[in-house]
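First the structure, then my questions, so here it is.
As written, the chain order gives the labels A, B, C, D, E, F, G and H, with residue 1 at the start of each chain.
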Amino acid sequence: MLIERIICAGSGGQGVLAMGKVLAISGMREGKEVLWLPSYGAEVRGGTAHCAVVISDGPIASPVFEKADALIIMNDPSLRRFKNHIRDKGLLIVNSTLAHCKATSRRLKVVNAPLTQIAIDLGFERAANTVGIGVYLALKKLIALSTMEKAIEEVLAHREKLVSVNKRALEEGYFWAQKELKSN
Amino acid sequence: MAKTKIRKNRCKGCGLCIAYCPKKNIKADTQHNEAGYFPAVLVCDDDCTGCGICYLVCPEVCIEIDP
Amino acid sequence: MGRSFGRPKALRDVVTHYCPGCGHGILHRLVAEIIDELGIQSRTIAVAPVGCAVNAYDYWGVDCSEAAHGRALAVATAMKRLQPDKVVFTYQGDGDLAAIGTAETIHAANRGENLTVIFVNNAVYGMTGGQMAPTTLAGQKTSTTPEGRQVRREGYPIKISEMLALLDGVYSVERVSLNGPKEILDARRAVRQAFVNQMEGKGFSLVEVLSMCPTYWSKTPQESMKWIAEEMMQVFKPGKLK
Amino acid sequence: MQKKILISGNEAMGEAAICAGCRFYAGYPITPQNELTAYMAAELPKRGGIFIQSESEVSAINMIFGASACGARTMTSSSSPGISLKQEGISYLSGAHLPAVVINVMRAGPGLGNIWPAQGDYFQATKGGGHGDYRMIVLAPASIQESFDLTKKAFELADRHRIVAMVLSDGMLGQMMETLTFDPDEPPPGLVAKPWALTGADGRPANVTRSLFMARDAVEKNNLLLQKKYRRIESREVRCEKLLLDDAKLAVVAYGTMSRIARGAVEALRRRGVKAGLLRPVTLWPFPKKEVAEVSRRVKKILVVEMSYGQMVEDVRLAADPGAQVGFYGRAGGGVPTERQIIREAMKLIVAAKGRRRG
Amino acid sequence: MGRSFGRPKALRDVVTHYCPGCGHGILHRLVAEIIDELGIQSRTIAVAPVGCAVNAYDYWGVDCSEAAHGRALAVATAMKRLQPDKVVFTYQGDGDLAAIGTAETIHAANRGENLTVIFVNNAVYGMTGGQMAPTTLAGQKTSTTPEGRQVRREGYPIKISEMLALLDGVYSVERVSLNGPKEILDARRAVRQAFVNQMEGKGFSLVEVLSMCPTYWSKTPQESMKWIAEEMMQVFKPGKLK
Amino acid sequence: MQKKILISGNEAMGEAAICAGCRFYAGYPITPQNELTAYMAAELPKRGGIFIQSESEVSAINMIFGASACGARTMTSSSSPGISLKQEGISYLSGAHLPAVVINVMRAGPGLGNIWPAQGDYFQATKGGGHGDYRMIVLAPASIQESFDLTKKAFELADRHRIVAMVLSDGMLGQMMETLTFDPDEPPPGLVAKPWALTGADGRPANVTRSLFMARDAVEKNNLLLQKKYRRIESREVRCEKLLLDDAKLAVVAYGTMSRIARGAVEALRRRGVKAGLLRPVTLWPFPKKEVAEVSRRVKKILVVEMSYGQMVEDVRLAADPGAQVGFYGRAGGGVPTERQIIREAMKLIVAAKGRRRG
Amino acid sequence: MAKTKIRKNRCKGCGLCIAYCPKKNIKADTQHNEAGYFPAVLVCDDDCTGCGICYLVCPEVCIEIDP
Amino acid sequence: MLIERIICAGSGGQGVLAMGKVLAISGMREGKEVLWLPSYGAEVRGGTAHCAVVISDGPIASPVFEKADALIIMNDPSLRRFKNHIRDKGLLIVNSTLAHCKATSRRLKVVNAPLTQIAIDLGFERAANTVGIGVYLALKKLIALSTMEKAIEEVLAHREKLVSVNKRALEEGYFWAQKELKSN
C-alpha cells in the first residue's frame, strides 16, 4: 500500500499551506485518500508555517507522524526546525535560494533547488512554492503533471493570471529537476 | 550628528522608520536578516539629526539614539 | 542638545511576537516609558487581555496577570481594592473590552474604580485571525464580514468610550492614535495622564488608542497609518471625551 | 449532485449544518474553530439563513435558545473556554426541551491553555458541565467525512428528541483537511413538525418555552420527563465502530482524533503479531456500554487512550466486565499520545499480571 | 359618555403572584391593553426575564419564552430575525437588563434589532429579596447595602437608558413612570409607541418604566409612588431621551 | 471566646469565611444563597475585608481571580445557574494554580428550575464543569456546624494546595438554622507565604499569574504539575464519616442534606432489626475510594441515595468491590427522597438476588 | 352614575384605588377576603363618575367599570 | 429520647418564621439540639409562610419530616394546607380569630385559641405569634417559661419596646391555655 507523508515548511508569506493543499487535491483527484494538516493560530504569527500532507492508497489512520517521506523546505529557519523529521532514505528538497543543506549523510536524498530564484526569473517570486511542487513531482512521480495542473486550476479558480504563472512555475520546477536528475 | 543604531536582527522591516525619517536617512536592506525580514539600515550616519522620530514609530524598539 | 532614545527599563529586551508594523509594539513601549518615568515599576500590576497582547507579561517587567477574555477589569478591580497603594492597569483590545467584556468594562467604570485602562482599538480581532470587532468600520471587510460590515445587520461601530464618558463614576476618557510621530507623542501624554490620575486617586481613567493591525487590514504599516487618519478617525474622533 | 472536495473539519461541519437546514447560527470567534464561524458568515446568508457574530459566547447560546424556541434548526460553535461559558445556556436549553446543535472544537486547557488539540472536555460534554440532571447527545467524529455526517445527524437527533446535540471535535480534526463526498442538494434529513414552537398564538393556545415551574412538583415532573427521554435515547441512539475485534486479545478504546492514532497503533501491533483491535465510541453519550461490556468479556485487556488524563476511561470501567483489565494512557495540554507510546502501553498491559482490576 | 374599563383580552384572568401595590401588575395590564388595541395578540412573542416577572407567561395570552437571567435580548434577537413579521418584545428588570445583561442589552441595541424593550426600573432586585440593583439610588438601603448605597464604593445608579440613547443603532428611548394615574397614562402612550415603532420597522425602541416595589422599599404602595416622584425622578429624569 | 448561636447554613458559611481570614468576597444575588451574600455585605467591611456585589457571576469569579492573584484569601458564592456561569473562571483559576473558595448552594435544575434543594451539580463539581483536566477539592457539609467548619477548612486547603475548594451545600442546608459553636477570635488557620502573589516586583523578579503558555510543551508541563498536585491531594485529603458500619449488612451512601435523611432511615432500619449503616463522603473530590472499597467488601449491598438521578453513584460503582451490589435511589427537581422511600429501597435491595452486578 | 365592580377576592388591598379615587368613593373593607387581604369596596355606588382612575392604578386588574 | 417536631404556619406578615426561631433558640438555650427550616423564596411571595422546628435531646437526623408533633396555625389557608401533616395524638393549635378547626376526630388534640384577639387586646396585633408560643408552652411544657422569655429578648435584642409587649403576649397565651386546660 502506497503511503506518502510530506511536510512543506517555510515562512508565513511563502505559501506553504497552499502548496500542501495543491498536493492533497491532486492526490484526491487521482482517487487517493488524502489528508492535509496545517500549523495554525498563534504558532503562525511568530515565524515559520508548515503543513503535513498524507497521500495514500488506503484509509489514512493517524494524521500525525514522526518522520516524513519527503520534506519541501522553503527557508532556513524551517530547515533547522524540520531536518530531523525525515525518515531514512527520505527526500529533502531545499529552496537553495534561501537555505542550503549539505548532503552530509547518505541517510537522505537531498536536493538543493533554487526555487525562489526560478520564481523570480519567472517574474513572480511568490510562485516559488509551486516551483517546489514541480521539483517534487519530477522526483517522486506520485501524481501526473496534468492532474497537478488541474489541482492548481482548482485552488486558484478565481484568479486566472495566477493560474497561468503557477502552471509555468510548476513546469519550470519539473524540468529543473529532470535536468538535475539526468546530470547526476 | 547623533549616534543612531538599528539592531538588525530585531528589525521586522515594517518600514515605519523609513517612512517617517525627516532626513530620508533610513532605507531597507537588500539582505534579509536572521528572521527573514529585510531590516532597516541608516543611509548615512552623518545625516542623522538624532530627532528620535524613528525611535518613536518603531514597534520593535530596535533603534537606539545617543545624542 | 539632543536627548538619547533607547529601550525603557520596564520593557524586557526580547523580540515581540507581533506582526511587523503592529501598533501593540509601539504602545507597549509607551507604557514602559511612562512606568520608568513615574518610577513605579516596583509597584505596578498589569492585567493582560486575551487578544494579540495576551502575553504582554513577556514584555513588561512588572507583576502581571492574565485575565479571561473580556474580564480584565473585574480582575483589576479586586487587585486595586486590595492594594490601593499599587498602580493597576489593564491593557485590552476592542473585542476584549467592548464585546465580551462590555459588562465588566461598564460596571467597573460605573463603580469608579481607581484604575487605568489602555484600550487598543484596531477595529478587528487580531489574535483570532481578523474577524469583525465591535469597532469594525461600516463596510470594512473581515473574515466574518466578507462583504464588509453592514450597519443594518451588524450595527454601527460601537462608541464605547463615548458611553463610558457619560457615567458619573468615570473620571477621564480620552481617544488618541498611533498613526504618526506627532500622534504617538500625544498618545504618550494621554497614557501618562491616565496613570497620574490613578496615582492621585482621581478614579477611572481610560485611554482609547487607535492602533494599526496591518495583517488583518491587508495593508502595509504605512498604509495602515493612513487608514487610521482617513477612515478610523472619521468615526472615532480623537480628543478628550471627559 | 454528489460533490467530492478537499475541506477542513471546521468547514465541513459548517457545510453540514447548512445541508441539514440550519437557519440560524450565532457564534463568537475562538481558535481553533474560526474557519467554521467564517464559513457560516460567508455561506449561511447566501443560502437563506441568518448569521450573527454575537458579542460573546453567552449571548450566542442564548440566541440559539431563541432561535430554537421559534422552531428553527440552529447551531452555535466554539472551543473549550467558550463552551464553558455556554454551560448555563445549555442547561436552560435542556430543561426547556429545546433542540440545538453545539459544536466544541476542543483545545488544550485548563484556563486559556492554548489552541492545540485536546480531549479534556469529555466530562463536561457527557456528564453535564452545567447544573442539574441533564444530558446532551454527544457525537465524536474521527474524520472530515464524519465531521460532516455526524453534524448533519446531530440536527436530526436534536429535533427527534428535543435535545441538545453536541459534536465534539478537536483542534486537529477542525483544522485538518480530507476528502468529503456529499450532495449539497439533498433535502435536510428528519424534519419534524414543531407544534410547541413560538410562532404566534394564531388559532391555538399560546405556547411557552421554559425550564422554570412554580408548582413544587412540576420541576420534578419535568425532570422525570427528561429522564424518560434519556432512557429512550440510550436504548436507540448508541453508535460505535469496531475494528479487528473478532479475534482480538487486546482492545484499544479511543474516540475522535485519538482513535485515528490508535488505529495506526493497532495496525502496527497486528503487524507485530499482537492481536489488537479498536473499539471507537461514536456517541459518547449515550455511551456504548453494551458494546464495551461485550468486548471486555472477550478480550480481557482494554487500553483506553485519550488526549486527557482519563475521562472516558471512567465510562469504560463502569461498562466493562469486572473480569477485564482496563489500562489507561493519556496526555493533555497539547500533548498527543503517539503511535509509539500507545504500542508501548499496549505491550505493558499485555504482559501485566491480572493484579488489581483497575490498571 | 364614559367608556368601559375591564380586563384586556390579552391578560389572562388569574391572580398574579405579585405583592400588593407592585408596579409589575399595572405594567402587565398596559402591555396587554396595547396588544389588544393593536390587534397583535396572535403574532406577538414575549420574552420574560428572570426577576419578579419571571412567569409573565402565566399572565399574557401570547407566545412567550423564558430567557436566562439577563439574556432576554439575545433570545429576542434570534426570534425577530427569524420571524420579522412577528412582534417581539422583552420585559426586563433593572438587574436583568442593566447588570448581568449589560452586554446583551448594549449589543442588541447597537445592532439596531427591531425590537421593543420594556425596562422595569424598580431600583432593587425584587425576586431575590431586595438586594442592590445597578439603579439603586445613592443612600438607598438594600440587603446588600445595609448602610445605604455608597457611590464611592458601589458607584452611581447607572443611566443605562442615556447610554443606549447614544448608540447609532437605537431608534427610540423614553423614560416614564407609574407613580400616579397621569403618569400611568403617559407610560401607556410610550409603551404603545415602542410597539408601533417595531411594527413600522423603525428599530430598537426601549421604554424605561420607573416602578414601585413596596415590599423591598419597605413602604406602602402609596408611599412608594411618592418616593418615585421625590427621589427616583430626581436621578432618573422622565422624558424622551431619543 | 466560644459562642453558641442559632444560625443558618448560608450565614454560617459567611461567618466561617471571615473567621478564615477571607479578605475579598464578590458575588451576585441568587436564591437560595442570598443570606450569605447579605451576611458578607453587612459583616465583611466591618471586619477589614472587601465586599463587592458584582454585575454578574462571571464578573464575580474573575474578581476572585484578581484577588487570589494578589495573595488574598477570597471567596465567591452562588447557586446552580450562577455556578454554571463561573465554569470558565474556575478553569482559569485551576490552570493558574490560584487558591479560592467557591460555594454552591445547589437548587433544582436544569435551567432555571426552581429554588428548592437539589444535588444535581455533583458531576459539575467533581468531574469538572469547565474545560480541561482540572479538579477542585469539593467539601459537602451535612449540618450547620459543618457548613462552618468545612468552609473554614476550605480556605486552608485552597491555600495549602493552590487549588479551588468548593463547598457544596444545597437550598435546605443553606436556609436551615441549627446551633453553631465557634470562636470568632481564633486566628485564621493555615496561613502560608505566597511568594508568587502579585504585590509589585519590588526587589524580586516580576511575578506572573497565568494558564496560557506559548511554548508547545509548556501547557503539557503545567498539566503534569496539576496532575501531580491532584495525586498528592488524593493521598492526603480524603474525608468521610462512617456510622453503624461495623456489623452492617447494608451500607447507605449519601452526602450533604441527603445524608441526614439517610441517617434517619438507617436508624429506622436498625429499629426494624436491619443491620444498616451509613457511609458519608465529606470530600466528594477526592472521593473516599478506599473507604468505599473496604466497606463494599464487607457489606455486599450498597444503596446510594441522592437528590439527583444518579451522579455520585458512578464514583461509588467505580470504587466498590465488583462483588458488591450497588443500588441507587434518587429524586431531583425539588423532590427529596424521604426516609420512607429510602427504607423501601433498602428493603428491596436486601431481598434482591445478586443478579447483575450493577443494580 | 357608572357601574363599578371590585372583585373582592382578587383584591390585594394595596390601597392605590382608595388613594386616587377623586370622589373618595373607595375604602378598605373591615373583613379580610379569602386570601387574607382587606379588599377595597365602593363607599357608595351613586357617587362613582366612571372616570376609570381606580382601574388605571389597580395592579390586580380587579376593577371593572361599565359606563 | 425526646424529639419534638413543630410546624408554624400563617400568612407572610404574621411572623411565623420568627415564632419558630424563638422556639428553636429557647431549645438551644436549654442545651437541646435544635433545627429550624423555613419555607423560602418565591414560595413566600404568594401567600402562606411556614417553618419547621425540631427540638431534640440527641442529634437530629433528617431535617424534613412527614408528620409533626405539633402545629401552630395562624390563619385559614395554612390550616387547609397543613392539617394533615400531623401525627396521631398530635397537638393542633389554631388561631381561632382567623380560622377554626372542629375537633372532629379523636386523632388529634385540637386547641382553638384566639391568638390574634388576645394580641389585639394587648394593643399589638402582631404579637399574635408570641401568644401562640405561650399557648404551646403551657400545653407542652417542653421549655421553661423563663428560658422562652430570654429567647425573646435575644431575638428582639435591639427593640426594647417589642420585648416587653412580646413577653406580655407570651404570658397571656400561657395563662389563657392554663385556664383552658383547667376548664376542660
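Couple of notes before you dig in:
One rule holds in what follows: a contact is a pair of C-beta atoms (placed from the backbone, for glycine too) under 8 Å apart; a residue touches a chain by one contact, two chains touch by 3 or more.
In this text the structure is predicted, and so the values were computed from the model without any measurement.
Considering every other chain in turn, the ones in contact with both subunit E and subunit H prove to be F, G. In a view that ignores subunit E, the other chains are joined by touching into one piece.
The pair of chains sharing the greatest count of C-beta contacts is D-F.
Inter-chain spacing, taken between the CA centroids of subunit A and subunit D, is 35 Å. We define each chain's centre as the mean of its Cα atoms; on that basis subunit E and subunit G are separated by 26 Å. The distance from the centre of subunit C to the centre of subunit G, with each centre set as the mean of the Cα atoms, comes to 60 Å. In whole angstrom, the spacing between the mean C-alpha positions of subunit C and subunit F is 40. Multi-chain contact residues of subunit B (touching two or more other chains): 35.
Contacts with at least two other chains are made by residues 41-42 of subunit A. Annotation for subunit C: residues touching 2 or more other chains are 17-19, 54, 66, 68, 99-100, 102-103, 106-107, 127, 129, 134, 154.
If you check the complex, the residues on subunit G that touch subunit H are 32, 35-36.
Subunit B contributes residues 2, 10, 12-16, 19-20, 35, 37, 49-53, 55-61, 63-67 to its touches with subunit C in the complex. Contacts from subunit A toward subunit D in the complex involve residues 21, 24-25, 28, 33-38, 40-43, 60-64, 66. For subunit C in complex with subunit B, the residues that touch the partner chain are 1-7, 11, 15-16, 18-26, 29, 180-181, 184-185, 214, 220-222, 225. Residues of subunit E touching subunit C in their complex: 99-103, 106-107, 110-112, 134, 151-156, 158-159, 162-163, 166-169.
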